[in-house]
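We just call them A, B, C and D in the order they show up, numbering each chain from 1.
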């Protein structure tokens, strides 16, 4: 059985590109996303056209048991999960405290924090038993500081960051590499940025900004590098941003 | 009507001492805790014996609507909440990932993160309308980094810290002072440390450590100072630890 | 002999106000600054008019031996230094790398980092021998992150911040309270902001901003609080900014 | 003319391995170190034996003009510096404040902070003019927090970290990639760890720890990855440590 790269949150941006990159290196990519069977099929097809191996599943990470049973099924039916990528965000745009409902706040936590905890509970012990494995967590600026209007997002991502540190503290010495990758800028992704802006403004922004948008295939190169690091020299946290952008600490 | 200091989490440690300190300065202390009516009555009695004004309520912060209706009742029946203190922790001791249940993880978030969000939604707009008010959040080392065994606690407190930053970003300019106070050491509190250790070991530790345990009445002095800071020079985050202790960053 | 508060960098802003505040509490203030004997005399006079005790010295902190001999003289002739305040900045405005000379970069370090090291070498062992004492270090946003144009300032203040942590690690357990106070905003100080802007723009800014400028007498209240903290609950680092300002992490 | 990787601080550890790695990828490695012509020749020879191109120079980075004239000579005689690696540390072991002389403190700054500033002043404008280039700075735990006994080292490295941020803020948008690489653990390097321990204890430690020591050739893989990152997704800061080690924030 082929080692697996399981991607939770595999759209046409970071998740899909990471899956494709790892498939190119010989892993079987299991791509999971909440909706859009057609888009999912396209991703799987593109990987297979490139000579890689992949499969796809629609899955609502918020529903109890979904992540857990997917991990179980993959391990039994496909192969050992060598790399798990948690790529679900919880950005809902800027909202005042008054406009952030209890439900939205809880949803942010369920997606960004609790889902990762559930995935970790499922995959980390399996990896530890094998003595190796990698858990890559896509993160955002909101994990580093709470900006105006980010009540839900910052609370969820700030919790996620420290959860990654605790996971690393327990599982690092067992051979499981946990990495928290702070994507500190706008990603050139049709499924998120593209849908937010609409086709015309998206095209225009891509033309204007060029390499000033994070290219998801280039992000995937760094995900791959981190997953390949020798265990004598692992990275737990790193940032990624376009050369044109100010880092979050510079405002 | 007298200005109120509302304390959520008022045991015999930080919460109770903060309530007493603010009552000494002329505010009416509304003390809330989950259990122990007798202990609560003792606290209220002690404040009144010292010439202060106080009242107490048993309240389960996790239950929907409890914090919200308490805020409402206080504002209507007692007086404007000038200072709100969120003093609920979610420390459950060190547990491996395997031993941290989904329920425990969620409970940590409900207590440490979601409860603060709910309190803030209730009091911050009221304070903003008046143009002044203070929200003091007791925090812990776990808000700064994820240590081994702290999956639930670190995720909850890390989220809480960034939530405080987002609250500050929105409400600071409206005159509401939000402060995140990192208590980085063991507090000499009978209700928490005392119960954890049992009477004999607690007495022994107090005798051995002396000022090497954080004295809650001294912590309360700093809570009071922060609440009194002039709005031209506010503190958002500070740490507190005994002179004998290594800060968290020194390990 | 009366306990002394030694202020290195005592102009009409933070330094002078801190000296005045501590003199009001009964310490003898020894005020040191590089130039302006007249301004210094005015500060001393104002303190004495208020019933306090003070003396002043012109002193170039960069010159070898100046800080050391002042400490020596104060301890012998005036009294034990209970509180030392290091209030020298090294802000030279934004300059490109090309416009930052080797000399300017070194000067920044001599003022902001090396001077503090020299002062600490002189006063900390004396305080440790007595079992108590406080070293308060005024700091700035530049100690937290390196902004554009701050090559000299950020390098000097970043070094200063970590030096404070190392001093605290060694001297805290010996009873010496080291605090790093991050002043994260514009201070309403005639000697710095006032001179930078000129009298007209300074007056205008004060009128427009009001409490949106840090009032140095209010900053001094927090310096005093920190110096008075009980050793069971010391603060090592805190920030100060006007309620209107975005914290540095929010950009 | 072949693009150059200039390494300041090229012993048998990180510096030499980084030079060798970049030479393997086709750059000419210019290796600089303070002493040991023989060791330097061996490094150059090893690179050439592997089919790479390299040259070596003894150079005392503390002496005025040395870094500057080496950069000048390389650019004129060898080729454009595409990558500059600043790999000089200033670790002198733990010393009390009393045992840290003014001279040792200054030396730490000259090596760890001022030397990088001087190198940056020489190479960054050249890289900016060409629109591309990379400055990789090897860093240490001491850049993140001031531990006991690290007065000189922490002050120097803390300053260095923020200098990297300021350099990045100015030069990133000009196409110069500045990265601060925190090596948070013991490196398996004969010239530093080996000399510190002596041959017997060094051999023993290597056998006991295995991958629990950072392997410099594996560190070099990450240096290479960072230097190769596409400019739409650059990393400014990352950490590296053995899988067995606790990160600095976990103590």
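Everything that follows uses one rule, which is that a residue touches a chain if its C-beta (ideal position, glycine included) is under 8 Å from a C-beta of that chain, and two chains touch if they have at least 3 such contacts.
Predicted, not measured: the structure shown is a model, and the values here were computed from it.
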item	value
Reference subunit D; chain at largest CA-centroid distance	B
Contact-richer chain pair [A-D vs C-D]	C-D
Chain centre separation in whole Å, for subunit D relative to subunit A (CA means)	31
Subunit A and subunit C, separation of their C-alpha mean positions in angstrom	45
Whole-Å separation of chain centres (CA-atom averages), subunit C against subunit D	34
Residue numbers of subunit C (touch at least two other chains)	145-148, 165, 168-169, 246, 249-250
Chain contact topology (line, ring, star, complete or other)	complete
For the subunit C and subunit B complex, residues of the former touching the latter	165, 168-169, 172-173, 175, 177, 188, 211-215, 218-219, 221-222, 225, 229-247, 249-250
Subunit C - residues contacting subunit A, complex	144-148, 246, 248-251
For the subunit A and subunit B complex, residues of the former touching the latter	96-98, 100, 102, 105-106, 109, 113-114, 117-118, 120-121, 124-125, 142-143, 145-151, 154-171
